[in-house]
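The first chain written gets the first letter, and so on, giving A, B, C, D, E and F; residue counts start at 1 in each chain.
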Amino acid sequence: MREYFNNIWLGLTTVFIGMNVTFKHLFKPAVTIQYPDVKLLLPERERNRLYVNMDDCIGCDQCARACPVSCISIETVKSLPTDDLGKTSNGKKKALWLTKFDIDIAKCCYCQLCVFPCPTECIYMTDVFEFSEYKRENLLYSFVTLTPDEIAEKKNNFEKAEAEKSAQKAAAAAKKAEEQAAPKENKPSAEKPEDKKE
Amino acid sequence: MIYDFLLKLTGSEIAAGFIQSLLPLFVFILPFALIAVLLERKVSAHMQDRLGPMRVGYHGIFQTVADILKLMQKEDIVTDNSDKALFNIAPVLVFTGSYAAFAAIPFSGAFIGSNIDLGLFFIVAVSGLVVAGILMAGWASNNKYTLLGAMRSAAQVISYEIPTILVIITIVMITGTLNLYTLSELQTGHFWNWMIFGGPSTGLIKVAFIPFMIIGFVIIYISTLAEVNRTPFDIPEAESELVSGYHTEYSGMKFAMFFLAEYANMFAVSAIVAAVFFGGYQSPFGYLGNSLGISWFIPIEQFFWFTFKGIFFVLVQMWLRWTLPRLRVDQLMALCWKYLIPIAFVNLLIVGLITVL
Amino acid sequence: MPMLTEFGKIFIFLLTAILFVVVAVVAAKLIRPSRPTREKLLTYECGENTEGTPWVKFNIRFYVVALIFLIFDVEVVLLIPWAMVYQSFGFSGYIVGVIFLLLLGLGMAYEWRKGDLEWERPKIVPPVLAEKMNLEKPDQLTPKEISI
Amino acid sequence: MGLLDKQFTDDNIIITKVEDVLNWARLSSLWQMGFGLACCAIEMMATSASHYDFDRFGVIPRPSPRQSDVIIISGTVTLKMAIRIKRLYEQMPDPKYVISMGSCSNCGGPYWEHGYHVLKGVDRVIPVDVYVPGCPPRPEALLEGLLKLQEKIRNESLVKKTA
Amino acid sequence: MKTTEEIFNLLKEKFGESIIEFKTGVPVEDFIVVNPFEIDKVCTFLRDTDSYQFNNLMNLSGVDDANGKKITGEQGEVKLEGRTFSLFYHLESMSLKQKVTLAVRMPGENPEVSSVSEIWRSADWHEREAFDMFGIKFLNHPDLRRILMPYDWEAGYPLRKDYKNPEFYQGMKVPY
Amino acid sequence: MPVKTEEMILNMGPQHPSTHGVLRLELLLEGEIIKGVKPHIGYLHRCFEKHAEAMTYPQVIPYVDRLDYLSSMYNEFGYVTAVEKLLGIEVPQRVEYIRVIMGELQRIASHLVAIGTYGADLGAFTPFLFAFRDREKILSLFEITCGARLLYNYIWIGGLSHDLHPDFVRLAREFIPYFRPKIKEMNDLLSYNKIFVERTANVGILPPETAINFGVSGPNLRGSGLKWDLRRNDPYSVYDKFDFNIPVGEGRMGTVGDCWDRYFVRILEMEESLKIIEQALDQLPEGDVTSAIPKRVKPPIGQVYARVENPRGELGYFIISDGSVNPFRVKVRAPSFISLSVMDELCRGHMIADVIAILGSIDIVLGEIDR
């Protein structure tokens, strides 16, 4: 019997306590950020869309190797000694033409592992998060600054130079064939010029 | 009375009755539902430190309009396994059941759909139609969730009818009438004439009534809450258990009908509580129309007060909904059979004793 | 011209309601698309195939509720005429009602006692495993004793 | 045969007006199917929570697919789940929309390479309207995706596209 | 509190041949290699004896040792011959605060081991997972079905080192 | 009334509002009574263990994040503990303290989700939003530190990816007095509510013996009345330097080990976490957090099992190294995986609504169960 009335009492009082809490909140200002009108100031370390500053990129491929999901693909062509690619902002000399620098942002897992190894700090995460798309293909970002024609030209140049070089090398190798067992026998026409300079 | 006015205007009783029957629907229920759905979202949002609909019109006032228009565009799915005839009839029955209750509700001194003497009793009885509709919907969908939801719903609604009726009998014992119009007229004057304050009786008896009236009010409020399946009694459509209960399989306009019926029901029960305990359409302070001498203004004021009281109780329903967890089905039954009914019984006996003394 | 009774008005209310639903559904039909597919017309069960039919012999519990309700409802209905007029019979009128109510209450007490108001469910046994389990009491597992 | 099934060949002012109203209704009341898959589901919940408040856009979660308009694929779709997702999508009434949220449902995300049990992109089983990138996307990003979807609905037309 | 070595010696005394080996090394946690068909008896003993009281099975993990010879088949598929599978049992006594690691080794062709799910119920799902991922059969397991992969997965056991992914599953393309 | 009714199989999930993701429960029902529950998992099997074998040790960390996405920090913590044990390296004190602070903040955030969704499961939607509102504060703390809201990749082998943000300590100190009253509010709104108590007390009782035999750990085990917390009983990192209590279920509203106890242990644990954070902030040493990060992680041949007290229980990593830069085998002992297997035992004889209550009270995360 005691329990019976205790139940009634507890039931009513706890309901009123709860109602009191919600009633108080009815008049508290909302915490909502009205997104398209008001935008939150994002912290400086914010990790969102990747951006590559191609002016600084030396094509070292470190980011692609650090990426756990392999969403960065880089292809480079060696420049000719005559080409001047300029320097990066922290004084490194560029020696490679970037013919492909694609980031499949749809695969990216925003872990920032690619940012740390970059020697020139040219790849970094920005605070841009508004980049949804109607088509998935649009999420494949290409950062290459060269036009396709230029890329073809650079490749061509490199192949020519390589051919010359290998011809020279072959000649040199023929000279000291007894010492060195063909240090580089790769056929430049068949091989994709994928250099992994560190 | 608007009916008499319409009768004069059209000259045909059927036409007058028809127009009158449309009035609550278009003048009241549809606007009310539009407002109430928005209100529900706004109230819940502000209780949860949110804002609620903001983007459709100023502070989202057209949100419900958009919802209805969208629901009209939605495909209507009738699954292969369902009992198609019953599936289609169910929403009609549910809406009819809840709308019929409005026939006997006095919105103001000048408007009551049907001034039958059985008023209160009729409302309780006709809400049985809703149960039939719900059972039909649950059964016809041929879905386990809907069936369980419908079963629970039926068990719940019929169980909670008993405490409701018992409290109504308590009122009838004091006032001797079931007619809601008469009941409202009895409570005229100021708010101390309301039934919750002992009604029109005077003296010591009036004071003695007050605690029992309050108990009666709490009981009827809880049980009407259960009858319209609102939290904490929303187990039939318990989202986290039975997906969305008996209307899981309904889409598009038929679902909208269930939705509309639910909100209509919410107001109907609030109106009953207001009419029985809080003076119906009577103003708590006397009428502006009286003091200004504009007699035609009084019904409008009355309508305002009635709506105000109704919406107030609807708001309390929402308040409860966004505060409380829901009960389990056996606890719900236990609450009804072990707590509400015995207390209502005792209450009835005591009130009867006071009246005869 | 026949007088429209109050019940007639209610009847018109009912008709209006039905009409409204029908009109609304038909109006929606003019707009909404209809593209049924086989999967769409399957019964929804959280994305799984349904196993068995829901139309089974259902739990007796719900019927019991219905039965009790029926008894109570009918008896409560009998109370209404009494409630309206008992005052004119004075104290004796009240006593008559009380006797009736007491009988009703007695019936209910009986049902309560019999356990019909409980939801019929098996006794829940916490899953205690029968195997031997050398477990010290929790208060003995105080952090001070621990040395790893 | 309803209005939305028809494709008008000529463009006139009535059709455009009706279309505008219908599109407006659809885009303002996108009921979301309450359904989460993985990490992104938590961000989706955060989006409907107080700080970002999905309800502002008229988006409320509906537990049943029959009453929902938009399904947000929030997380990794595994092969086991893909069959169910396809069915759930099918069971939604037309018109319906799909938002693919996060890298995993866009294209398998971090699991695209070695994920023997991961579906590489939910667009292999259901048509996707908007891809929201991120892993998981910020709640704002999801809201932006929703705005993009609304933009898309706004431009839907009853008029048959010519060529 | 006993060290693994003490436990090994004691077990060796009790079970003899079933206790095969004691392994130790610097970063290696010490563990005891047990005969796969005797593991349930050893475990029952370890749990129920008062001086051990290993009442908690922390972890049970299958390992593909990938230690056999590599044989390239006709279609270029790589097969490992003579490889073994291992199972590691990490036991803990919550009352005596001691831990021990047991291991069993099974041949690669038909890996079978006695189930310990009767002894620790937590082993039930762990064993199902090992079956699902490595195809290790647990004798006397009450319900040995796949647990993570679909029940109709036919392409083998994915955590084996020589696993090859199928092209299609129920009409869905699996590779990227 | 022993009338035989037909049994019915009801699927709950994979798409269901309260299965916390993509779990499928196959309920065998007799009316409303549960005869048995069969959990079907694997709808989120993301092949973590296969991925780990193909990654280098640091690259595994982003995947580890995605296991238990509600407590990523702690997953990283566990993983790096295991790898550091394998490598045999010491990390600077500051790193340890920051890890503990982050871990405990993460514990609060994770418990908030558990409590909030538990309320939502039982029909109270407001506590859910309140919990998420407060969680948002913690997430913003993480965000200023490492830039991500949910999956951090913050704790690295031998160190941390960033040092603390200059504002972090101030904001964290502000958070503590902000959060304490919110716990009380949650108690008013939910914990002591009669309806909530009725729904959870005496439901799903898990006796301690059964819990241990099933391998249940963490708050679920403590809810059964057993004082077992790896932070105390098998201390790792710098947990031995803090003073905190281990709350256990006491059966205040019903029997020891019922849903209410499991729920309330989490509420109490949030307070304890606040205590730890306070102490750690006070003791926080200065120093460098990146100095100990090895350039190339290449552990010697060997194997290790290391465990930490995740918000959900004992999170263990079993790592076998074959001496290369890729782990040979990583097996995760996921606490929810084990906790879920006890469902069948707990649910028998209860009603449908109780399944939700029990499932919510054991607080599972599907990402971790399916891996």
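The rule we apply is simple: a residue touches a chain if its C-beta (ideal position, glycine included) is under 8 Å from a C-beta of that chain, and two chains touch if they have at least 3 such contacts.
Everything quoted here is computed from the prediction, not taken from an experiment.
Taking the mean of C-alpha positions as each chain's centre, the chain lying farthest from the centre of chain D is E.
Here the two chains linked by the largest count of contacting C-beta pairs are B-C. Among the remaining chains, the Cα-based centre furthest from that of chain B is the centre of E. Distance between chain centres (mean CA atoms), chain D to chain F: 31 Å. For this pair, chain D with chain E, the centres built from the Cα atoms lie 44 Å apart. Between the CA-based centres of chain B and chain C the separation comes to 18 Å, rounded to the whole angstrom. Our note on geometry: chain B versus chain D, Cα centroid distance of 36 Å, whole angstroms. Along chain C, residues 29, 31-35, 40, 42, 44-48, 50, 54, 58-59, 62, 119, 121, 129, 131, 133, 135, 141, 146, 148 each make contact with two or more other chains. Residues of chain E in contact with at least two other chains: 55, 94, 97, 121, 148-150, 158.
Within chain D, residues 4, 22, 34, 49-51, 53, 56, 63-66, 80, 84, 88, 91, 93-95, 107-108, 110, 112-113, 116-117, 135, 138 each touch two or more of the remaining chains. Listed in rising order, the residues of chain D touching chain A in the complex are 50-53, 56, 103, 106-110, 112-113, 121, 123, 128-135, 137-141, 143-145, 147-148, 152.
The touching residues of chain F, when paired with chain B in their complex, are 8, 10, 16-18, 32, 119-126, 129-130, 133, 189-190, 193, 195-196, 198-199, 351-356.
Residues of chain D that touch chain C in their complex: 1-5, 22, 64-66, 84-88, 90-91, 93-95. Residues of chain B touching chain F in their complex: 44, 47-50, 144-145, 148, 231-232, 234-235, 238-243, 322-331. Listing the residues of chain B that touch chain C in their complex gives 3, 13-14, 16-18, 20-22, 25, 71-82, 91-92, 95-96, 99-100, 102-104, 113-116, 121-122, 139, 141-147, 151, 154-155, 158-159, 161-162, 165-166, 169, 172-173, 176-178, 243, 248-249, 252-254, 256-257, 329-330, 333-334, 337-338, 341-342, 345, 348-349, 352-353, 355-356.
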